[in-house]
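Below you'll find a set of structures to go through.
Each of the two complexes below includes subunit A, the first together with subunit B, the second together with subunit C.
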Partner chain A sequence: MNKNPKLFIAVCTLPAVILTIIFMIIPMFNAIYLSFTDSTALSVGTNSKFVFLDNYKYMFRDKYFLQALANTLKLLLVVPPITIFFSLLSASILTQSRLREKAFYRTVYFFPSIISLTLVGIIWSFVFNPTKGILNHLLELVGLENLKHAWLGESKTALACIGVALVWQAAGYYMVMHIAGIDGISRDVYEAAEIDGATAAQKLMRITMPMLKNTIGITYVLSLSGTINLSFTLSNVMTAGGPNGASSVLLQYMYQQGMNNANFGYAMAIAMFTLFMAVIISAISRKLTMGNE
Partner chain B sequence: MKRKYLAVLLTVVMLISMAGCSNNNKAANTDTDTVKTTEGNATQAPVDQTDSSEPVEEQELNIAIFQGGYGDEYWNAVVKLFEESHEGVKVNMTISPTIGDIIRPQIVAGNAPDFISDNDNAQDGVILSMIKENALLEISDVFEGQNYAGTGTLKDDIKDGLLQSAKCAPYGDSKIYLAPFNTGPQGLIYNKTYFDQKGLQVPKTWDDFFALGEKAKADGRALFTYQGIYPGYLEEMLWPAIANAGGMEALSKIFKYEEGSFNNETVLSVLRNMQKIGADGYLLEGTVGMNHTESQSEMMLGKSLFITNGTWMESEMADAPREDGFEFAMAAMPTTATDGTQYVLDSCEQFSIPKAAKNPELAKEFLRFLYSDESVALFAQNSGSVYATKTGREVSKQYLTNAIYNMYGIYDQPNVKSITLNFETLPSNCKVVVSDEIFNPITSVMNGEMTAEQWAESVEAAFAQIRADKAAAGE
Partner chain C sequence: MDASKTSRIKRQMINWILRVILIIGTIIFLYPFVWNIISSFKTNKEYLTDPYALPSGFHIENYINAIEDANMASYFLNSIYVVVLSTLLLLIFVIPISYVLSRYRFFGSKVITTIYMACIFLQATYIMIPLFLEIQAIKALNNLSVICLVYAVMQFPFAIFTLQGFMSSLSREYEEAARIDGATNWGILRRIVIPLCKPGIATITMLTAMGFWNEYPLALVLLTDERKKTIPIGLANLFEVQRFATNWGALFAALVIVLIPTMIIYLIGQKYLLQGIQAGGLKG
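Then we have the complex of A and B:
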């Protein structure tokens, strides 16, 4: 074995490579092919017609697709920065403060990311419920009745509600990553800053954030892809994409066309577009966060 | 040594998985000979009975059942009864709330079940795909043939109008590819006790409806609520109201996606009435943000007089809290004139047999058996609902709750007619989701973000796209 470590490494990685090829690479190429056909969910390419770019051309005339695209972009613009901000803030507080319940808070904040996403959707549906929801009741309690809404049923608020649930669900997960990053920063740096009279905010802005730049870059990209993926479930559970498509997102529309409407080819075209968009956005954000390297 | 154990273990795993495959193949390769039934039970004489002295042929029937709100008790019972009355027949049943996701890969792999109970409008889209792909077996012969009891033609036992509708004959050529399962009226559900106590009358016209809304307001109730984030339930209001305002002709033009069928004064008068529910404060506050169970609960707690729904609401909401003395009752949709016909939209679930079924004849026999009185009674007994047969309601009477029996009584009221959804099948290249195009704008209309006219225009635009797709597909 010592004689040929390369062979040993190759043999060890082979199962993973084979699995990746079978379950990731081949389906992806299959999806690319299907996106050029009029396949239904049944034929899956066997007796479907090759329609070349028709699906892609139709996409940009399809008002529901454009609406879903706009909604997804809005979420991508707002959700990852807020998620990363809250996760950094809580990571910073939990590592820097002398709270005795640190471990407890860490568990509580992390908890939302390990429960089923469908459950997260249901929990937030209860929060936003127009008659029984805690949010409207709290507003009533503090005398702000005029701010009460049918949160999930109004086009101005539905998407924002999904955004809130997304942030709540993901912030704890990235917090743990950031805590791990902060633990890697030498205590001496913080102590030196404290001696120089730095405040907690200054330590966060001047020490933690610059030194965690790499980690933040990665968590930001993860958050982008998480937002694209997870918004599908939350939108399905909380609003069913409504009202009138105001909270529909790309993957949800893809699912609807593929499964409910039996337009598998078109759904794959939407999936390919989403993949392409996600890769571009991730590349741009990586470039921006790693700009100085 | 360890290596030896590992090799043995791997061999065992391989053998087990191969055994699994061969078992599958065996199930898939059951013979396709015609069904041979034996004397069966004493009361029912199957039509194609054979001499019991002949050796009984072993046959398997693979059925895939969508498990909805009615549970699985009926299916377990009816499968048992079928096996008992058909010697040598073994039914392999797969029943699940996500049956479409289970059978889709099987169908793609060429291993379709023999019989499917799932709907063309199901979330999984499997039946819709099969319609688009011409993958269903024509079953007109089952309905042209004798019924299970041998007392007449099966089609004469089925409720009028269903077999001719697009729900059963999806290609518009009167050939039957889908069989009707259960059916029931859908309308305005209200609390009969409350109406009796207050001396209120069920509204006949839209004016009566809104006048009742004023009385309800005075009593601290809203007039109406619906299933909020699932506006599709309002089909139970929209189609009957359009049929009333413009006759069946207006409806059939819409079902064919004809130009101007939706954006015209007749339809607009209905859309404006629906808009008025939201604009004039007749809608229960917060409705647009609720899901189906939430809005149904609110109605049952006395927050609103009416909600659109079907007979299944009683079992669906069996454990929900309700105001004292709550009793389910159903009213037909309001009309424009006092002497107008009131229409009721029928629900219709479906059975089908894939073209690729391994044992289609046995599947047809099973289908015929399902319409037998025993099966219809079993369904009522286990599910509290009624098969789409003419005698279904009476056969099931002893097993139905009073409320459900009375709700079915809506058909007995004078001037009430039932309608079935009859949309032409879309061409396979069409990407329009018709129900979304028609019903999704409702929330915006109720919120005052869209007018009835804009709603009609957006539906017309979708219909135009469908016509263009049809033309492109050469239809």
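Then we have the complex of A and C:
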């Protein structure tokens, strides 16, 4: 029936598959392999020794790694819930209210999530700038001078600043996904609830949240893996992990070990650990949101 | 009558409360940009004396500085080259394989689909060092065209996944009819499938082009030559330098120069972008 489908199939698939093998699969296996060696810039390839799990064991004695791990876990604990909360709140306000300028808010809220993360990092560095920053200026205006900080320069606040920037740039993105989910819920359900005298909060808690469980499950997992990945760029641009590692995150520490110190083997062990952690955390949260159905 | 009147007033009140909340949100999202744009028109002295006053006039020299001294023109051209070529490469490779995966069962088709699905979660950051070593070994560091190929491949999983889903939902009637009329496989792909897939192709083009324009981790390790750097890396460098120098105006101007094309494309292509995300698009 078809003219030479075999040749057609081969010509269509092989180029993409070969390129994927070269630029994705091989680097992936190379990453796993490197993580079991003591490769450095001088000894990559033939000279490096196979050390099996030594890199992985060393990680847990490395105080800077442990700090980066703790920082990443803190972000994972705080950033996704806050992001999803705000995105859900704005999504339900935008879908439930009858404001004429709804589309405008959606456009504005979504905008930060499409601009370059470098830009987000730089813009928020100015918000948190100790002398010229918007935040300190605002505190001065309302008479709370004693709350002023050198936000990015102090070890107590630097990580929180990165967290704020993460929430700010991602909330609009998940809002759009939640709006799509809410639009999929039948209008009748809300109307019936309104006739029964349900308040907006009740509608959010009793209808939107339960019926959106699946969507929220997906956005939550995306937010978790997004937090791990995107914190790399923000941490690198805003603080370079400083002061003294106080705002370093796993992938940023991996980059530092790999590209600044040229410890390729150790860096890859950190990368593989992070990837493994990301997969496990995603799987667990997916199970939790799907589990009680 | 009275009851309906009070309920209307109540409704209006609620609307205004919601509006105030949404406007506060708008300020939180927009103010940093507005502040940045205003600052870009100030002289350095104006910025240092009071960063919150309005500028005394439109000081275009910041923009001239950004373009001439800070290399913004070169970063900009590199970024445009990277976005255009990467997107073209992506489409050239991805459309045929997505079509074949959505229409034929063949040896390995299941495996290929599964691998691409699994790779969606593999972000470039995890493999940036092996990629750096590989690209270094083939002596292609600072080669923008090779970087474009790598960028395109990094988006294969997401693009194939999305496009394959889109193509599977298309009716096959037109294809069957064309085949009876004697069209070749290539003819069907070119003249029937691609035109029908335009919305899907527009969506992945929009999402991936945005991703290429903003890409940071790979450019950071693969582009070390100042003349080859793209905007995200160039900006980060400029910011690094300005932290210790004093020419803030040029940095603000550079940020605006980057912001404007993004804004224009966003306003034009918003529809496709939102569609892509609503269809479960991933973040790059």
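Just so we're on the same page, the second predicted complex is superposed on the first by the 261 of 293 C-alpha atoms of A that agree within 3 Å, B and C clash if a C-alpha of one lies under 4 Å from a C-alpha of the other, contacts with A are read in each partner's own complex, and residues count from 1 in each chain.
One rule holds in what follows: a contact is a pair of C-beta atoms (placed from the backbone, for glycine too) under 8 Å apart; a residue touches a chain by one contact, two chains touch by 3 or more.
Note that this is a predicted model, so its numbers are computed, not measured.
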State whether subunit B or subunit C is in contact with more residues of subunit A in the superposed arrangement. C
Mind working out whether A:259 is in touch with subunit B, subunit C, both or neither, as first, second, both or neither? both
Please indicate which partner A:125 is in contact with in the superposed arrangement: first for subunit B, second for subunit C, both, or neither. both
Who does A:151 touch here: subunit B (first), subunit C (second), both, or neither? first
Given the touch rule stated above, what does A:62 touch, subunit B (first), subunit C (second), both, or neither? first
Contact-wise, after the overlay, does A:110 reach subunit B, subunit C, both or neither (first, second, both, neither)? second
For A:40, using the defined touch cut-off, is the partner it touches subunit B, subunit C, both, or neither? Pick first, second, both or neither. first
Considering only touches as defined above, state whether A:97 meets subunit B (first), subunit C (second), both or neither. second
Does any part of subunit A touch subunit B in one structure and subunit C in the other, and if so which residues? 44, 125, 132, 258-259
For subunit A, which residues are in contact with subunit C within the complex? 1-6, 8-9, 11-13, 15-17, 19-20, 22-28, 30-31, 34, 44, 90, 93-94, 97-99, 105, 107-119, 121-127, 132, 134, 137, 168, 170, 172-173, 176-177, 179-180, 200, 218, 222, 225-226, 229-230, 232-233, 236-237, 251, 254-255, 258-259, 264, 267-268, 271-272, 274-275, 278-279, 282
Within the complex, which stretch of subunit B touches subunit A? 104, 107-108, 123-126, 128-130, 132-133, 135, 228-231, 285-291, 294, 298, 303, 428-431, 433, 436, 440-441, 443-444, 447, 449-450
Subunit B contact footprint on subunit A (complex, rising order): 38, 40-44, 47, 51, 58, 62, 64, 125, 128-132, 149-155, 239-240, 242-245, 256-263, 266
Within the complex, which stretch of subunit C touches subunit A? 14-15, 18-19, 21-22, 25-26, 28-33, 35-36, 47-48, 51-52, 93-94, 96-97, 99-101, 104, 106, 112, 115-116, 119, 121-123, 125-134, 149-150, 152-154, 156, 160, 179, 184-186, 210, 213-214, 216-217, 220-221, 231-233, 235-236, 239, 251, 255, 258-259, 262-263, 266-267, 270, 273-274, 277-278, 280, 282-283
